[in-house]
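Common to both upcoming complexes is subunit A, partnered first by subunit B, then by subunit C.
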Partner chain A sequence: MLLDYDRLGWLRVALAGFTALVAAFLLLPVVFIVLLSFGSSRWLAFPPPGWTLKWYQQLLADPAWIDAALTSAKIAAMAAILAVAIGLFASFSLVRGEFRGRQVLRGLLLTPMVLPVVVFAIAIYAFFLRIGLAGTTIGFVIAHTILALPFAIIPITAALEGFDKSIEDAAIVCGASPLQARLRITLPSIRIGIFSAAIFAFLASWDEVVVAIFMASPTLQTLPVKIWGSLRADLSPVVAAASSLLVGLTLCLMIATALLRRKLSR
Partner chain B sequence: MSRPFLSIRAVRKTFGAFVAVHDVTIDVPKGEFLTFLGPSGSGKSTTLYAIAGFQDPSSGDVLLEDKSLLSVPSHKRNIGMVFQRYTLFPHLSVAENVAFPLRVRRRPDTEVKRKVGDMLGLVRLEKFADRYPGALSGGQQQRVALARALAYDPPILLMDEPLSALDKKLRQEIQAEIRRIHRETGVTILYVTHDQEEALHLSDRIALFKEGRIEQIGTGEDLYLRPVSEFVAGFIGNSNFLSAEHLQTTAGAATVRLADGSIVTGVKATTPFGQGQKVRLMVRPEAFRLTPGPASAALAVEIVDTSFFGDRRRVVARTAGGDEIDVRPTSDAQATDSATTSGQRIFFDPASAFLFPA
Partner chain C sequence: MPGNSLSRSSVAGLPAGTGGALPALMLVGLFFIVPVVALLLRSVTDPEPGLQNYAALFGSGTYVRVFLNTFLVASVVTAVTIVGAFPVAWMLAIMPPAMGSIVFGIIILSMWTNLLTRTYAWMVLLQRTGVINRALIGLGIIQEPLPLINNLAGVTIGMVYIMLPFMILPLVGTLRAIDPMTLRAAALCGASQFEAFRRILLPLSLPGIAAGGLMVFVMSLGYFVTPALLGGTSNMMLAEMIAQTVQSLLNWGLGSAAAFVLLAVTMALYAIQLRLVGARRAGGGL
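Our next item is the complex of A and B:
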């Protein structure tokens, strides 16, 4: 191969350096935020003059923040459940179906991933305003379900493609109705894909900010929206603490996914 | 004759303009081991799937004890099936795989437990009850699949090339198991393979498929000793074909002229041939002798190669006409080693040869 790592010679050093630089560029802001959230300076001075947990105390004592976090979790959970349910049906017809326009349908279902979010946000906001769903939880969930759908469809479709249809046929000759065969054999066999879909769909909604800003109302705010709003109002270390919690939960979910996948695939 | 147990009546299957199965008709008595043999794409699986209910025939009928199966959905046909691919349920243990058909039938726990034990005993995998399919070899997986397919005592067991993914030695081992299980359970088996040795080894009868039709159906002996066509003769066992010209037939015994001009008389002719018609003379490798016997025809050949296989000898010879022939003389003729020199003649009994149109 042209780019065989073992034969790069001194370029290897350069490559390693470059990779480290990119990683640092991506990670450093997060690290700074986390460090600042524990710093005692009101003005986010770096390096922090001392260390404290008071920003976290303030955060957890403020019902507005707690409310935002709960709203986020609730919307993300509902969007994830809906996206997985719709994603399952969609994946079955995309993988198993034999109809014209299958590829077109697949493309259509994946567009939310490539469409500029702002465009999507404005469109759905205008639409929801007209039908009275703007600023409601239902509207929020619908918008986020659409955004999360590609993240659910991709892993489920992949799992279903890797699952031999003959196994389902075997369950049917064994006496299971086609529905029973799917519920008792196919779904458990692709559970890793379904599980990944749920996590990815949850995260897609959990840290989504653009659509959320349009959908939010003063009484309905998700965590990213609240962070965004607080940043513009006053730059307090409480925001850093909230951001750190957001990152922390995302990280936990990713790690949990990795561990569970490993356990399930054994 | 008693009424057939399973009756496949004029089953036809078309895919668009392509006819995959042409009006196949077979009656299968209870307890028979019937094999569908044939080259790839000859319609064996399609016929089997029509019985399993995965594919509706375009026309024709499948009757089990005089009742049509076609209106019964797959999962209610109560048929056992082992697939070519590994189809164990990956998230269930071996025991739960075998129990699955009983659980969907809502059989009581005690019966399920007993039956799973019996079935794993039948395929000799009792020790593997708690393993998961991922931790089994291919041969073990197919044996579990067999146990699962037999757990609900189906009247018919369908097997679609269940051993084709296994290596030769393992294949033979499991063939022996399948024979034993057929003997012990008495289940009616329809088996698909394209391996003629496997078919001969396992079956009571073989249906040889060619391009969607049954070319010949009969016991292995029928197909081997009384092939109805060059295709059957070529597919079952080893055969040598010599080009010849038909001269005349009297009382079922034909006289032909081989490419080198020699005349052979007394060849069995099952179909009539015209005078001067081009024909093919088929002689089994083991029908050749290295020494002349009573009533034998001689063939001038050049010995190309001789190899020794312990229990028999294999000689490759070339006729004057340029046909390469495979000679496996049975032990009585192995005495002379002179056959290894060139410019030899080999001999065969014309009555053991077959004549087909070219």
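Our next item is the complex of A and C:
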């Protein structure tokens, strides 16, 4: 009866209690950081002696933070578009291609997700130093596209595998060109996969720290690099304000994803 | 192309269906394979050809300690994550969807929240004067604040926090795939709950536990951010050592050799994981 929710007996209480504890553990830092960002204590005392918005004012008044956020958004958007476009073509080939070594190719394209980021970070940094792309936006975008590519390929191939190809073939039999059939039948059918790919690819770049630390220059910093620098220097509450805005953004993304999925899957 | 003649876009001279993968292959080849191979070559050519970098790496007590510490942390994190994730996955697999979706929402929120944000929260929470120590003292459980940061405890808490979703989500799938009838049958045949757990539920979920555990272990081995921020200088992990050797000491030869060791271990374990779950599902819970 261990897999029957209604017949677990005392175990159900124990499991539910444990699950609640783990959920609280997972929620704790997220809630804590948001509360802390409104606290008035410079030394992050908790519960805070008073409530304030001054850390948000400091954050928004500092052009370095705004610049870093804009840089991050720009690089993440470009990396996500590239990763989804390149990943889309690769997925068609991975799912429908009939050639030897297809699984090897798949493994190869997913490797950037498995390889420890620090190894890739110093490798691409050394490479870019040599060819003059270190500390440039293009270098950033290329490195992040590589890291985002597996996150684009996985949902798109999954969607494509779930799509019945005979529908596309039927369109061609009815007179559509192969390109038309793909654009008007297949792509709309796998849009949820493409949409997930775009979100995951964007987040992969937006949250990326390790490559960014190596690639950053004094004039080109992403948001994680800026936060990293502040964390190493001191635990200023301004970081809590920045972090809370990021939590807010995550929540918006989650809600948008849920809504869009519901709308698209209708 | 047998049985598949429609909508086949074939590029001249290449097997059908490879054309679409070309941009990805070029990108990964030029900006991933080439740099990584160049880096690995550097470990045997910088500053001069030979294996002196590896000799230095394995001959020095400092670096051997870093290796041992990395394995210790990854093992502890994996063990704690499995123990913490299994009951949650079990509950999520069988609980009513309405309640379950709240827990899933919390897991996704934690997983998608910026990595540095989460680590920053733990840095503040685990401080000497942080909330956790103050609460424990307030409850009378401890007298003196516990050292929870800049040591193994801090790294373990921070890493388990990050790894839990990666273990819970695939395990839910494993547990949902188990037929509840097998357990009902066990109960009918007189097995106690403990026996049914030990002899049926646990063995049937073992492949999922092994695959998830291996993934968590591999990710932990090469983790950089959390150990660097929550760990201490006396128990540095491999990824941080590699970054420091290259960035601060500018010793590219030694850093590349350490990177190669990390890469070799990671890839070997990844190969085992692929065999366990099959290449198709190696992507985890996406």
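Everything that follows uses one rule, which is that the second predicted complex is superposed on the first by the 259 of 266 C-alpha atoms of A that agree within 3 Å, B and C clash if a C-alpha of one lies under 4 Å from a C-alpha of the other, contacts with A are read in each partner's own complex, and residues count from 1 in each chain.
The rule is simple: a contact is a pair of C-beta atoms (placed from the backbone, for glycine too) under 8 Å apart; a residue touches a chain by one contact, two chains touch by 3 or more.
This structure is a prediction, so every number in the text was calculated from the model and none was measured.
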| item | value |
| --- | --- |
| First (subunit B), second (subunit C), both or neither touched by A:Ala212 | neither |
| Which superposed partner A:Leu94 touches (first subunit B, second subunit C, both, neither) | second |
| First, second, both or neither for A:Pro178, with subunit B first and subunit C second | both |
| Which of subunit B and subunit C A:Ala148 touches, first, second, both or neither | neither |
| Subunit B versus subunit C as contact partner of A:Met78, first or second or both or neither | neither |
| Touching partner for A:Ile156 - first (subunit B), second (subunit C), both, neither | neither |
| Of subunit B and subunit C, the chain that contacts the larger number of subunit A residues | C |
| Subunit B versus subunit C as contact partner of A:Leu59, first or second or both or neither | neither |
| Touched partner set for A:Asp169, first subunit B, second subunit C, both or neither | both |
| Intersection of the subunit A residues that touch subunit B with those that touch subunit C | 169, 172-173, 178, 181 |
| Subunit B residues within the subunit A interface of the complex | 52-54, 73-81, 83, 85-91, 100-101, 104-105, 145, 148-149, 152 |
| Residues of subunit A that touch subunit B when the two form their complex | 164, 166-167, 169-178, 180-181, 184-185, 188-189, 191 |
| In the complex with subunit C, residue positions of subunit A that touch it | 1-5, 8-9, 11, 14-16, 18-19, 22-23, 25-30, 32-33, 36, 44-46, 86-87, 89-94, 96-100, 103, 105-127, 142-143, 145-146, 149-151, 153-155, 158, 168-169, 172-173, 178, 181-182, 196, 200, 203, 206-207, 209-210, 213-214, 224, 227-228, 231, 235, 239-240, 243, 246-247, 250-251, 253-254 |
| For the subunit C and subunit A complex, residues of the former touching the latter | 1-2, 4, 6-9, 15-25, 27-28, 31-32, 34-36, 38-39, 42, 84-85, 87-88, 90-96, 102-103, 105-110, 112-125, 127, 129-131, 134, 161, 164-165, 175, 178, 180, 183-184, 187, 193, 196-197, 200-201, 218, 221-225, 229, 239, 242-243, 246-247, 252, 255-256, 259, 262-263, 266-267, 270, 274, 279, 282-283, 286 |
